[in-house]
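Structure first, commentary second.
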Amino acid sequence: MDLKFSKEDEAFRMMVREFVRAAVPSDMALRTRQGFHSTKEDLQTWNRILFEKGWAAPHWPKEYGGTGWTPLQIYIFEEECAAADAPFLSYFGLRLLGPLIYTFGSDEQKAALLPPILSGETFWCQGFSEPSAGSDLASVKTTAVRDGNEWVINGQKIWTTEAHYADRMFCLARTDPTVPPQKGGLSIFLFDMNAPGISVRPIITIDEGHSVNEVFLDNVRIPADAVLGRVGDGWTQAKFLLSHERVSNAQVPRSKRDLELLKQIAAQERAGGQRIIDLPEVRQRIAELEIDLYGLEWSVLRELFNGHGAKSQPIASGLKILGSEIQQRLSTLLTDVLGPKGIVLYDEKEGSGDDLPGNAPSYVVGSTARQLFLRAASIYAGANEIQRTIIAKQVFNLSS
Amino acid sequence: MDLKFSKEDEAFRMMVREFVRAAVPSDMALRTRQGFHSTKEDLQTWNRILFEKGWAAPHWPKEYGGTGWTPLQIYIFEEECAAADAPFLSYFGLRLLGPLIYTFGSDEQKAALLPPILSGETFWCQGFSEPSAGSDLASVKTTAVRDGNEWVINGQKIWTTEAHYADRMFCLARTDPTVPPQKGGLSIFLFDMNAPGISVRPIITIDEGHSVNEVFLDNVRIPADAVLGRVGDGWTQAKFLLSHERVSNAQVPRSKRDLELLKQIAAQERAGGQRIIDLPEVRQRIAELEIDLYGLEWSVLRELFNGHGAKSQPIASGLKILGSEIQQRLSTLLTDVLGPKGIVLYDEKEGSGDDLPGNAPSYVVGSTARQLFLRAASIYAGANEIQRTIIAKQVFNLSS
Amino acid sequence: MKFSLTDEQSLLRDSVRRFVSEEHDLNRQQEALRRDARFSDAHWNMFAELGWLYLMVPESAGGLGGSAEDATVIAEELGRGLVGAPFLSTAILGAALLGAGEPTPQRNELLSGLMEGRCRLALALEESASRYEVDAISTAAQASGDDEIVLNGQKVLVQDGADADAFIVSAIASSRGGGISHLALYVVPSSAAGVEIRRYRTIDGRWAADVSLNNVHLPSSALLIPSNRAREVLERALDHARIILASEALGAMEGALAMTADYLKGRTQFGRALASYQSLQHRLSDMFVKVENARSMLYRGLSMLDAEPDQRAAAVSATMVTINQAAEFVGSQAIQLHGGMGMAEEYPIGHFYKRLRVIGKSYGDLSWHMNRYTQMTPMVEMQGAA
Amino acid sequence: MKFSLTDEQSLLRDSVRRFVSEEHDLNRQQEALRRDARFSDAHWNMFAELGWLYLMVPESAGGLGGSAEDATVIAEELGRGLVGAPFLSTAILGAALLGAGEPTPQRNELLSGLMEGRCRLALALEESASRYEVDAISTAAQASGDDEIVLNGQKVLVQDGADADAFIVSAIASSRGGGISHLALYVVPSSAAGVEIRRYRTIDGRWAADVSLNNVHLPSSALLIPSNRAREVLERALDHARIILASEALGAMEGALAMTADYLKGRTQFGRALASYQSLQHRLSDMFVKVENARSMLYRGLSMLDAEPDQRAAAVSATMVTINQAAEFVGSQAIQLHGGMGMAEEYPIGHFYKRLRVIGKSYGDLSWHMNRYTQMTPMVEMQGAA
């Protein structure tokens, strides 16, 4: 056992910090702090900055453009990015599809598809969820039928994040209706979002924001080689994603930054001349959150060093549950700290906030909208109820 | 709507209070406050006092010895008894079997069995739970086989409260193994605890107290007419009990008294010269409990006036859940208020407490033991998980 | 004691339910609110025609002099339907405060307008630094000449303030000779010179306003409740309004719960009806228990509205603590049980949550009520009947 | 950073596990404890033979000079088996405090006795009014003559105090000339004249004691840690001990969880295995999540034991808050999921809960730790790495 950050790790942190703090444009940092879904422009700009530094995908193998850092160093890097209010890079290409490609893709796919993800040139969206499926990938209904040198795709995807500005989609579809999805009936397809037959309908969420969409696939014809890896490997590939991103759902770097902002705001808000942060009840709630966030952070650190052990999947489920709950508690406490101002949306249209409703200071912008949007944190990426079922099954060998 | 206690109700309360406060012997009141299971002597004494006043079973119909009070008056009576630290009369004869007898029993049974319950002469215990059954009465295994003019009973009961000092048992047994319990296969038998073939084994609970037992029934022979009502009505009779005692599991009168005692103790305990009750965190926990107890109390009041409506059973389940949780929170908060002293059992052997371990004041006696025993509150009378299933079924028409 | 509705209350409830089912459509309402920054005049006229605006006006002023119980019957159904009317501001708070004023011709005219649906009112209390404390304000009322009052100040977060015809404004009244200044209440037409209104939406789709008062000259009849009783009258009206809000929240919780149960019955996942999963069934049960408990506390709050001010305050805050906690649980779990669908703005369930959150931050929030409760409750004393 | 055990730690863990599975029986232990008011000498000798009592004694005094990490390995397994040994009092706190004293012959003799299992120690800090505050005491140490110390006071709730051969006692040392009085630590043999011991059981079946010190005359060598560093040494030793306790709690939680899962698999109700009910499955999952989180906080606490005192205090209290909350949940739900059986004293599961509750009230409870955490944590500052 050695439970300390080493001197090398601390030096690494300082090196990263120095670069990142200088590199994030201040207007972009403000937008990130407000917590809205980042604009495509901000994502591209920041991706380009990191790409030029060679840091766009630290978690990729070095041969594909990764940094060769240790898992702990990658974590430190993410923490420093969050602390500097850098935008959170688009998840779908860098975190999901990239690893799928270098794990399952052909050499041609690796050569053609990885570089534009790394540079931020191509943005991807993930076509997994469907109206009747939700967390249940076995009931995917979208079909891909071979027709000469093409596949013809028909179906409907939902909750597709960033579909409205993604260049391409990786899309789960049934390629063999006679075989169960788990046994080779599913495949993942890669295609342009501007292909004929694709239409995107925005879904406005309860925060009045637009980040998710419905995507209709109506006789979308794509080339025969647009399958990721082998036909029929879709189930395996989808399961790989579940176990691959074990710690990112915990969202620790971001929650640490949010907690810091919360404390700053609670020190500025006042009731009857007293700082809100000095009210015993608020102090207690902040302390409880802070302690729980420490626990989550150290669970992540443990998992970084554990590799893929037997309990890896249920641990990831636990991180997802706790991480989402902490995000919800943090954002809710922030709106509570704002008192009566918490009834106003303070959405993007409020801008940087010189003259805000309720005579509010500029730090309110984004707070209420984010609290509302984060109700989704316990729903997406496998609802927390499903995570509990996974734990019961994998830790205690119980089936439902 | 009329949401106030009437002047008559308030006058009734004063009348009851005056009698009860004078009638409870002070040593008995002290023992009740300590929260241990009452001794048989205390139960008999207090039962006799109330019997002589005509108040032993206010909830019974007047013709069988009830008082003719309204449900609200009965509730006020129970509240005043609890506030005066009167013992809680033995439940099984007065609250369970009595109503069973006057509802289902023959005229002979009513005449013979009700008066000694009312006077406290005969104490009963309830033989329902079995080792393999728990909350699931459909799987009762105890059998009653007719043999000439007698029934022969064989089986094992468990968690039988007061079996070690009860005079008699009412006992659920299968009378027809060919018929499902729900369809007439069960009956309730009434017999003496000193009948040959009955043995009682104490179960010491985690509070190191003795209130429950295992009861072994080995070829117990009882007369043919020792069946409650008709043979085969056992399921109906057991279900009647579930719906009959809708509000008593809420335990409001007792919890109100316990909260009052908790506050008094928290005003005497000190940390660094400060009263524990003045610590913001303790004040907050007390306030939350008090508010939740108000809610429970008003739910009971509502149910007193509702009669047996469609939601009556699920409401009773909700009262059971909240009532048990409040009892657990109250007793746990009390041990927390006691600080480091909360590690000592302070059980009955400590007596009235002039020279207690940890140099503790006498009010600690019973506190820790009761906290431990009350873990059972969410288990007995239908575990809280089962109550949730009942609610789902009866309110939302969902089956498991 | 009696918990069932009177015949009159049942009729009243039925009439609100009929309005909600026949006239009201949530999506259309939200669109119209967004477009017009104003609750539908046609619907508001129905409120007047159906007598709901007369209910809480004193009989002496031509109203029905109804009870708080009556008002909760309306509010509960409006909550269940998520009707976005300025009912609380106008028909509850407006009627209570105007009703408590001297029966001047000006006041009677305002009350007539209120009852006929011509005059919408909003209560302008909150300021940047007040955070629910009615006397932590700096808006000032200065006598000017013999029969004029000049108001200066900045009110914020005035609910239903965007389409109000008049505001009831709290201000510190300075007597001419100086001396101690006290809270008083004034009626300020929204059209008065010097009144500047900034309108904005709140998360429930309704509209609030910031109201700047810049040297607003008013006749002395604008004084509605003088400082010798303004604080008392206002606290009492607010406590009544809080209980009506609690009733609206209760209706919204029941609406959200029923909708969620229906949703679970209609959807399948992993080949089974969602409603067949025990963990989801038990969640519904927990929601039911919280809602029933909230209803009990609503009744308890109602029963204490006529008690002494401190007892009333403690009881109302106890009710609001319960309502707040239940609302957060029921509202958020209703979304959770809907899964992704619960996040869609075009689906109703999120609107329940958002309205419940607004209620939870109106005229006090959880921590304000908890604090008021502990302050008003002597910590050690013999507890009688609740 | 590295979370896995070293080879030596793995061997240590295996040896404790072997002891627990081969030598230890919970029911027999509880009976023997009740009968003898003392942890089995035979077993305690094994602790000595296996080297567990040498572990935390400094190398300079003939011990192994082990790390807190090493000690947690032992404590976790003792917790999993509910072994009722005075390990914390003697081998952790005793060794740490004696180890911090001047290496006098008296001290070295005590440490030898400790390591060989001949001398059991108990820490007598608590008094009627102290409630975990080490300096809120009134026990007084007065110099008498040239080389004598006289102790007077009343210590309570001395854990493992019933069978201790010597106590480490905190007292306020008065210098002869008066002046400011400070906390110092003394070694008091339980057999010393004027020491009166009242023994009693705690809810986990172990024994504690109240210790009266009535004019106890001791040689001046009884001063173990003088007042210039007693407070610092004691706080440090207590923080280490708290983390070892956390580890014991973690083992107990894991033991209770495993036992509960097994129980659910083996029992049926309503015709189905209890383990097939989703609500019970999810409860197990919630327990698992809490236990894993508690383990993470154990590691975090361990990592901060050498930090500056304030940071160490904050980190240790953060760990203990987490452990306390997890222990209450896991312990009580383990009983709940066992149903009636969970309430039976003869069944092991309730003993886990009771031991966890004792741990939760030893050397600080939830509210004490939460309070210390908030006091030691500046509320607004830039947060670096945890």
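Per-chain numbering from 1; labels A, B, C and D assigned in written order.
Everything that follows uses one rule, which is that a contact is a pair of C-beta atoms (placed from the backbone, for glycine too) under 8 Å apart; a residue touches a chain by one contact, two chains touch by 3 or more.
The UniProt protein names, listed by chain, are A, B = Acyl-CoA dehydrogenase; C, D = Isovaleryl-CoA dehydrogenase.
Keep in mind that what you see is a predicted model, and the values were worked out from it rather than measured.
Asks: Among the chains, which has its CA centre at the largest distance from subunit D's?
Replies: That would be chain C.
Asks: Rounded to a whole Å, what is the gap between the Cα centroids of subunit C and subunit D?
Replies: 54
Asks: Quick one: subunit A and subunit D, Cα centre-to-centre, how many Å?
Replies: Measuring from centre to centre gives 42 Å for this pair.
Asks: Between subunit A and subunit C, what distance separates the C-alpha centroids? Give it in angstrom.
Replies: The computed centroid separation for subunit A versus subunit C comes out at 39 Å.
Asks: Would you give the residues of subunit D that are in contact with at least 2 other chains, written as numbers and ranges?
Replies: 277-279, 282, 370
Asks: Give me the residue numbers in subunit A that touch at least two other chains, ranges are fine.
Replies: Those would be 281, 284, 385, 388.
Asks: Between the chains shown, work out who touches whom and classify the graph as line, ring, star, complete or other.
Replies: It is complete, because no pair of chains fails to touch.
Asks: For the complex, give me every residue of subunit B touching subunit D.
Replies: The touching residues are 129, 132, 134-136, 138-139, 158-159, 203-206, 208, 212, 270-272, 279, 281-282, 328, 332, 335-336, 339-345, 357-359, 368, 372-373, 375-376, 378-380, 383-385, 388.
Asks: Applying the document's contact rule, which stretches of subunit C touch subunit D when the two form their complex?
Replies: Answer in residue numbers: 277-279, 282.
Asks: Please name which positions on subunit C make contact with subunit B in the complex.
Replies: Residues 1-6, 9, 69, 261, 264-265, 275-276, 278, 281-282, 284-286, 288-289, 292-297, 299-300, 302-303, 318, 321-322, 370, 373-374, 377, 379-380, 382-383, 385-386.
Asks: Please name which positions on subunit B make contact with subunit C in the complex.
Replies: On the subunit B side, the touching residues are 1-6, 9, 13, 72, 76, 79, 256, 259-260, 263-264, 267, 277-278, 283-284, 286-288, 290-292, 294-299, 301-302, 305-306, 314-315, 317-318, 321-322, 385, 387-389, 391-392, 395-396, 398-400.
Asks: Under the touch definition given earlier, write down the residues of subunit D that touch subunit B in their complex.
Replies: Residues in contact with subunit B: 126, 128-129, 131-133, 136, 154, 156-157, 159, 198, 200-204, 208, 210, 268-271, 277, 279-280, 328, 332, 335-336, 339-340, 342-346, 350-351, 353-354, 357-358, 361-362, 365-368, 370-371.
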